[in-house]
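Across the two complexes that follow, chain A remains constant while its partner is chain B and subsequently chain C.
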Partner chain A sequence: MDFYEYLVDNAEPLSQEALDHIVVVGISVGIALVLGCALGVLAHRSPRLRPPILAVSATLLTIPSLALFAMFIPLLGLGTPPAVVALVLYALLPIVRNTVVGLGSVDQSVLRAARGMGMGSWRRFLRIELPLAWPVVLTGVRVSTQVVVGIAAIAALVNGPGLGNEIFRGLRSLGSPFALNLVLGGTLGIVVVALLFDAFFIALRRLTTARGIR
Partner chain B sequence: MAVDVMAAPVEHSRRRVLRWLGMPLLLAVVGISLYAYVSTQELDTIERRVLNAPGLTDRVIEHLQLAGLSTLVVIAIAVPLGILATRRGARFVAPVVLILGNLGQAIPSLGLITLVVLLAGVGFKSIVFGLVAYSALPILRNTMVGLQQVDQTLVKSARGMGMSAWQTLTRVELPLAVPVILAGVRTALIINIGTATLSTFFGVQALGYVIFQGIQLDRTPVLIVGAVMASGLALLVDYLAGVVEELLTPRGL
Partner chain C sequence: MTSQATPMIRLDELTKTYRGQPHPAVDRVSMDMPRGEIIVLVGPSGCGKTTTMELINRLIEPTSGRIYLDGDDVTRADPDSLRRRIGYVIQQIGLFPHFTVAENIATVPKLLGWDKKKIGDRVDELLDMVGMDPSEFRGRYPKQLSGGQRQRIGVARAMAADPPVMLMDEPFGAIDPITRDRLQNEFLRLQQQVQKTIVFVTHDIDEAIKLGDRIAILGERSQIAQYDTPANILASPASPYVADFIGAGASLKRLHLSQVSSVELDTGCVTARIDGDAEQARERLRASERAALLLLDADGRPQRWVDAGDLSSTDLFKAGEPVGAVVESTSTLSEALNAMLTSNSGVAVVIDRSGAFQGLLDFETVMVAARSERDFYRAAKVPS
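For the complex of A and B:
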């Protein structure tokens, strides 16, 4: 059976798995965005906490993905929960780092001007610092997403959702004539998901960047 | 202000000590706790079949062989390619390589290696081949970026002093690009250590074997030993690579 026929015959399960893949990546990156921004703001505000926060998030990215997925099985069992936790941890570093860089690049005189206008620290953060740092933060989110889309394939090994299952099925039937179609379907599907996310972030960047700095 | 000036070097040196000793200490603590944890467990026969000193040593050796060999092959392929792509006359290649490379990044490691194994067969060589394909980009990119950011006036003055193109490359451009290239090598090495855990699905029993046995046999001690050892190995190699990086960087940079 050639690959095209295979795709047509399996359009429904494949798109379901692609959807699962998108959902699990979306949830993980969403959690990582909130957590990473919070850690980034903390690291930006406190020079004392900055080295440990950056070092720990860099260390997380060094840990082999299969090991990180496996480590949460004793606590969370098999399936989606250990996958999401591991993916969130992987997504942290680019978001934290870019939040620190983005906030650090905000012109101090702008902040002083805002203060002179009578803005409190909370409003200064929400209306001045965050919008100015946002494009850099968003670039970090985009990098995280690319990393996580690929690593999510390995989540199938801990019974996680997504297109990794397709690859894993092919892997289990190495040598059979279906193996290539399965692996190719899963792999190319993940590339498509990655490109879709990238297009989404390009659009999001245009929509959410403050008009003054576009 | 005076207090700041006095305090700064102390703070600095303390941070340096922490930077160089922090990771070995952490790994030692993790290693000892892992050993203590396993010693308190009553291992059944299945667990003992995986968790024994000679077996685990073999797993670590296989893992290091896979990652080490593939990193050496990647360096041998990607550094010369990166140099070629930045030579005059071939500069148009650089943006093409970068775009292709960025697209290639979207390919998942598991899928790429499985495809390579499907085409080349199960075994050590195919896995090395897959690892090389997956980790080529960071070194290629960093070699190109490292060479491109060398100040062109330096290159011109080297040529003006009568150095040949080859001498300029080996004595001016490459030494100046070394830090960036080394950063790429370190990234590739860590990618290879991480991805080598997947080799268990393709007939090579590295540390991923221990992890996956733990999952399949539902044996938590096996799983934890595999996961912690694989993580510890990655962190240790990353740490050592950092030390080597520092030592190999030319003085003056």
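For the complex of A and C:
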């Protein structure tokens, strides 16, 4: 059976796994966005907290993914929960770092003018700082997503959802005639998912960036 | 006490000390700023003039001392609502890049909760006031504006809620000299209309002399070396420090103080329409005692200088020489003198705001004006 026939025969399970993959990545990046923005704002505001926040989120990214997924099994068991927690941790660094950079690149004179006109600190943050930093933050989210789409394949190791299951099935049946098709199918699916996410972010960037700074 | 006599802004022993610094940045400064005047704080960089200004809208909190705005003690008032009552313009302007021109101008009215209709009307009114067409500029973004236009929007934004007081920190500092001159003139014209109390910070003494109704020359720690009208400061500097700061050429600087419209213009100049009859023009020139004639276009705008010989030429549009030094009647004598020197002619052609010819200003008149002003100020200083 050649690869093309394999794809046609397995279109349904493959697309289901691709959908699972998208969902688990989406949830993880969504949580990481909220958490990462909060940490980024904290790091931006407090020069004392900045080094530890950046150091911890950078360290998280260096933990081998296999180990990180396995680490949460005693706490959260198998399945989606440990997968999501691990993916959130991986997604943090680009978002935190870009939030800090984005907020730091907002023109100080703009903020001084806003303050001098009697704009309170909350409003200043929501109306001025965040919209101006947003394109940079969003770039961080995009990088995070790319990182996490790949790593999410390994979540299959802890019975997580997604296209990783396809790849691991292939690896387990190494030597059988289907092994290569399984691995190729999973990998190709991940590439497609990654491209879909990227297209989504390009559209999102256009939609959510204020016209004056596009 | 009537409200006329209450100063718009009163600083009382205002002091700012930063932690870990041995000397205060601003040391017990007391000052009364009368309403409707431009008060310029001028001094070398690092003297604390910006700090002093920012104490007024409490961007910097004073360590001690009091601030009164229109008689009210605002030293402990809510800073945000205080700032909405005070217009604020900075050198970098700080327009919000993601807001349109209209949204930028509407910032403070929106904070004050004005309704949409009122805000829209006010935005258009302000754009008109700063000489920008509302229908063209309302929807633009700051990056689509030139430096001078951004500066105008910055001023319009500061005036949006019609605050009685404006603080301006080197608003023309980052603009090229030619545009700066024009903006300064516009600014003075605007101030004649709106009559705000304006605190203006600059390090440029020439700008201070040109714009200020009153100038405070500040030394270290914002200590007031002299606080007086520009004329009095130029005529009698209170200390060697002030004299040094004014620098050489005080007589020349005095020319900044008078407008072209304050001296008598030579209106006897012969003029003719550039598209008119050359023969007739030659007749009129011969009848006068003048050596040259000024050609004007249909709207009365000066075009070329021609003498009797040039008038025999068939094409008046190419005859003679183009007019060199042209100044508006609201320009200062110093600008007129400058125009004469750069165009290498002993006479400047004076026009009104629409560009129509008003008269001639010659070198001699400027010199006489400079001398007589000096004598005038000397006379005023002689003890009786």
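The rule we apply is simple: the second predicted complex is superposed on the first by the 214 of 214 C-alpha atoms of A that agree within 3 Å, B and C clash if a C-alpha of one lies under 4 Å from a C-alpha of the other, contacts with A are read in each partner's own complex, and residues count from 1 in each chain.
We adopt the following convention: contacts are C-beta pairs under 8 Å (C-beta built on N, C-alpha and C of every residue); 3 or more make two chains touch, one makes a residue touch a chain.
All values derive from a computational prediction rather than experimental measurement.
For the composite obtained by overlaying on chain A, chain B and chain C can both be accommodated side by side without a clash.
Of the two partner chains placed by superposition, only chain C is touched by A:A210; chain B is not. Between chain B and chain C, more residues of chain A are touched by B. Of the two partner chains placed around the shared chain by superposition, chain B is the only one that A:I63 touches, whereas chain C remains out of contact.
Contacts of A:S173 after superposition: neither chain B nor chain C is touched. When the two structures are aligned on the shared chain, A:M71 is found in touch with chain B, with no touch to chain C.
In the superposed pair of complexes, A:N10 makes contact with neither chain B nor chain C. When the two complexes are overlaid on their common chain A, residue A:T139 makes contact with neither chain B nor chain C. Centres of mass aside, this uses C-alpha centres: at chain A, the angle toward chain B and chain C in the superposed model is 100 degrees, to the nearest 10. Once both structures are overlaid on their shared chain A, chain B and chain C have a minimum Cα-Cα separation of 5 Å. Residues of chain A that lie in the contact sets of both chain B and chain C are absent, per the superposition on chain A. Residues of chain C touching chain A in their complex: 57, 59, 79-84, 88, 90-100, 107-108, 111, 141-143, 157-158, 167.
For chain A in complex with chain B, the touching residues are 51, 59, 62-68, 70-71, 73-74, 78, 146, 149-154, 157-158, 164, 167-168, 170-171, 174, 179-180, 183-184, 186-187, 190-191, 194-195, 198. Chain A contributes residues 107, 109-120, 123, 128, 131-132, 210-213 to its touches with chain C in the complex.
Across the interface of their complex, chain A is touched by residues 15, 105-112, 114-115, 117-118, 122, 190, 193-198, 201-202, 207-208, 211-212, 214-215, 220, 223-224, 226-228, 230-231, 234-235, 238 of chain B.
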